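Shared between the two complexes below is chain A, which has chain B as its partner in the first and chain C in the second.
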Partner chain A sequence: MKRILMKGNEAIAEAAVRAGCDLYFGYPITPQTEISEYLSSRLPEEGKVFLQAESEIAAIYMVYGAAAVGKRVLTSSSGPGISLKQEGISYLVSAELPAVIVNMSRGGPGLGNIQPSQSDYFQAVKGGGHGDYKTIVLAPDGMLGQMMEPVVFTEPQFDPLPPKDWAVSGKEGRKRRFIICFALDPQELEKVNQALQEKFRAMERNEIRYEIFGDEHPDLLLVGYGTVARILKSVVREGARKGLRLALVRPITLYPFPSAVMKEKAVQAGRVIDVEMNHGQMLEDVRLAVEGRVPVHFYGRSGGMIPTVEDTLQKVMDILSREGVKHENGI
Partner chain B sequence: MKTVFERPHSLFDLPYPYCPGCHHGLAQRLIAEVIDELSISDRTIGVGPVGCSVYIYEHIDVDFVMGAHGRSPAIATGIKRSRPGTIVFSYQGDGDIAAIGTAEIIHAANRGENISCFFINNAIYGMTGGQMAPTSLLGQKTQTSPRGRKVQTEGYPFHLCEMLAVSEGSAYIARVALTNPRLIKKAKEAIRKAFLTQIEEQGFSLVEILSPCPTNWRLPPLEAVKWLEEHLMATYRIGEIKVKEGVTNAC
Partner chain C sequence: MHVETVIAGFGGQGILFLGRVLATAGMIGGYHVSWYPSYGPEMRGGTANCTVILSDQEIGSTISDHPDIVVVTNQPALLRFGPLVKEEGLLVINSSLVRGTGHCPTVEVLNVPGNEIAGAMVGDPRTLNMVILGALVAHRPLVWEEDMRLALEEILSGKKRELIEINFQALDAGKKFIRERRDAGVSERPNE
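Showing the complex of A and B:
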């Protein structure tokens, strides 16, 4: 299969086209604007729709409309823009409309900056929108937005999709349908919420994904996703050269969170270090997963600063020596 | 026997939840009549707002998408771009379309989005209990302008139709009222023209319908109609505001 050199943003856009994206709505914001730029020429080539909206709010409601008629639809943005989309995301969940949203996170809060950062973990995973809801959140292996890497596209494989017998299209030949995002009666709304909770429990049963890397009998478990996961893989390899027994759990789904494997591996290792490009957001989920069974340490950089392999390895060695873990080189 | 009057097929046989003297029900009935007459109920999708207008989906027998406060023009855009063969209309109050949703309506109109919007202007926020709207009149007392709306602090009544008419994207814009049979007939013509503008792919259409809110105006229904005719219609001139070349005159 052909390897091509592509920016992460372009790879996402091309992948969306190959997966059958029918429409894209978005508003420019760095560091993800290449997604819009790429799709503005690529989607019309395929007879599909690209539209630049007047704001992220409008974009997410255009997504809502397209999803309501049963189309595959994509939008993308970054922290500040995702903040504006949060109301619409809550409405999408309420109306049970599927959509794909790319959040190429940058430094925050406020306008922050456009450097790589993981400041939006809470925003993506906990949802800034209102109401009792969850959305599936996928995290990459490495830096997606601006980095150029060799890419191989495989043919997307789908199980047959269920019929969209809920989508609106005009009622020709059937009874009319409606897409609704409210239930004014308390008993009814509780039922709606319970049904949504059922869906979230099913996600937790069926959708958890993660990668385990490194020593099978680690003395310290490393946890990280995205850019940090790449760095932590180097830390595991460097550590092994120094005789350290390290392993990495890399969540691929941030929600549903791979709590069971995290706990099992953490207990086996006896201690954990969570590394993030923020000041401790996923940390809360790691601690919940580990349930206080072993200490959870943290190392974080922010504002576009990236934890280096050297610094992280130093933290790792500090923890191991503080906790009196002996290893082959006898540090 | 000849039937001279009946319920439009597209209107469910269901009592309206609106207050006595409210024109929401009347406006929705006219929309249903036009949908019947143009035989478009099978391919029409309505987009619902937040406000007293929200109940429209229970009354008109077409597919509906209900969404967030003010965002209907964006939702309608998503629908229309996905399925250009459908007839898409929104139904929105003045808080919905002229306050929180101002950006969405201006840009939908300016893109010449081929949709129709029906805008119920009652110069007040109905559903939330009578707060000031951008369309409230100068001097109008509301829950949030208890001494009357003042230019110095709250600015001027909002003329959405005139603003949208400036845009080259809008094709048909009219303002109507439903306070007597003659005006009701004209209003129905405007609603019909708005749908025809869309059917003939001429671009964006909007009909503003001046409507009383007796409950929050704190007036009995008949006095509310009088107040509408004397005051609302003095600030908001009814009639066709824009008919772009090419828009059909067939009514």
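Showing the complex of A and C:
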């Protein structure tokens, strides 16, 4: 199968087209503008719609409108722009409208900078907008958007979608439908919330994705996602050369979080190090997953700084020697 | 094989393009490859660099702490990246614009007067990047020559097709420089 060298941003855009994206609305911001650039020519080729909105807020409500009529829709941005979209995301959840939102996260807070970062974990995983809600979160970051690797596109195989018997696509010949994101009666709004919670439980049952890599009987479990997971794979390999027994759990979904496997592997290893490009956000979910059964250590860089293999391996060796773990080379 | 290469110089010298041709050629040759650019508020005359990794196995980190090969096309790039080259590694220097070899006593140094070759032999100083790549690959065969040609054809498609030929010429000029140097019996100069 043909391999194409592509930026992560371009790969996301092409994947969206192949998955049947009908419309894209967005406003440029580094490090994700290649998504807009790519779709500005690619979507019209397919007879689909690309529109550069006047702002991020406008873009998210265009997404709301397109989703409401039953179209498959995408928007993308980075930290500051994603903050602007939060109100609209909360409304989308309330109205139960499906959409894909890409955040190629960069250094924050504020305008921050444009270097890769994972500082938007809380924003993405814990809600971000107002209200009691969750969204399915996969985990790219600014570095994966900018770098190029060979990509192979396979023909996507989808189960047929359920009928969109809720879409406000024109009432001719059928009963009127409503899409609303409020319920003024408290009893009514509690029912809305209970129904949403059932949906989130279904996500937790069906959507968890992760990868396990490295030693089958590790002395230390490494946890990281996105760019950090790539670095940790190198740490696992380098460590193995030095006689260290290391394994990695890489969450692919951050919500729902792979808590069960995290706990199982952590208990097996006896200790954990969580590495992130922030000062400890996923760390809270790792600790919740592990339930205090084993110590959870942390190493983080921020502001666009990226942990090196060398530094991370040093942290790993420090933990192992502090906790008195012997290994083959006996350091 | 696992080779990590950092290429650095001025924005406008074709640094990212050089890396992209190398990575694409590696991909065509069947390697796992990655290309990671410096990105930021950088522009013509500013600094630019990228990291290209070619490997037999799946690539973990796409950043290189200690590259096997560093290519520098201007003085600031030598100061910043020269000291990072792995022991026994290779430092390729665009000697048209760079004086000295920094302070890297244990690395092999390959001086290529890239701007002169691009100007005099290819007739377009903008082909400096492909001259350097041609010389690098002639000296250290990281990828097949034919795969670099296929890579250029893949990257320079559409309206840019007319640029393919001059880039081929520049790769050849770089290779010729290395061959002539070898034929003249110039041994690999240890770092001074």
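What to note about this one:
Rule of thumb we're sticking to: the second predicted complex is superposed on the first by the 327 of 331 C-alpha atoms of A that agree within 3 Å, B and C clash if a C-alpha of one lies under 4 Å from a C-alpha of the other, contacts with A are read in each partner's own complex, and residues count from 1 in each chain.
The rule we apply is simple: a contact is a pair of C-beta atoms (placed from the backbone, for glycine too) under 8 Å apart; a residue touches a chain by one contact, two chains touch by 3 or more.
Everything numeric here is computed off the predicted structure, so don't read it as measured data.
In the superposed model, A:Val73 makes contact with chain B only, not with chain C.
Once the two complexes are laid over each other on the shared chain, residue contacts for A:Met143 go to chain C alone; chain B is not touched. Of the two partner chains placed by the overlay, neither chain B nor chain C lies in contact with A:Ala289. Of the two partner chains placed around the shared chain by superposition, chain B is the only one that A:Glu54 touches, whereas chain C remains out of contact. Shared-chain residue A:Tyr91: touches chain B; no touch with chain C. In the superposition on chain A, no contact is made by A:Val102 with either chain B or chain C.
Shared-chain residue A:Leu244: touches no atom of chain B or chain C. When the shared chain is aligned, chain C comes close enough to touch A:Ile231, but chain B does not.
On the chain A side of its complex with chain C, the touching residues are 3, 5, 30-31, 113-115, 143, 146-150, 230-237, 306, 308-310.
Touching chain A in their complex are the following residues of chain C: 20, 23-24, 27, 32-37, 39-41, 58-63, 65.
Touching chain A in their complex are the following residues of chain B: 41-45, 47, 57, 61-68, 71, 74-83, 86-87, 103-104, 106-107. Across the complex, chain A meets chain B through its residues 22-23, 25, 49, 51, 53-55, 57-59, 61-69, 71, 73, 87-88, 91, 95, 168-173, 176-182.
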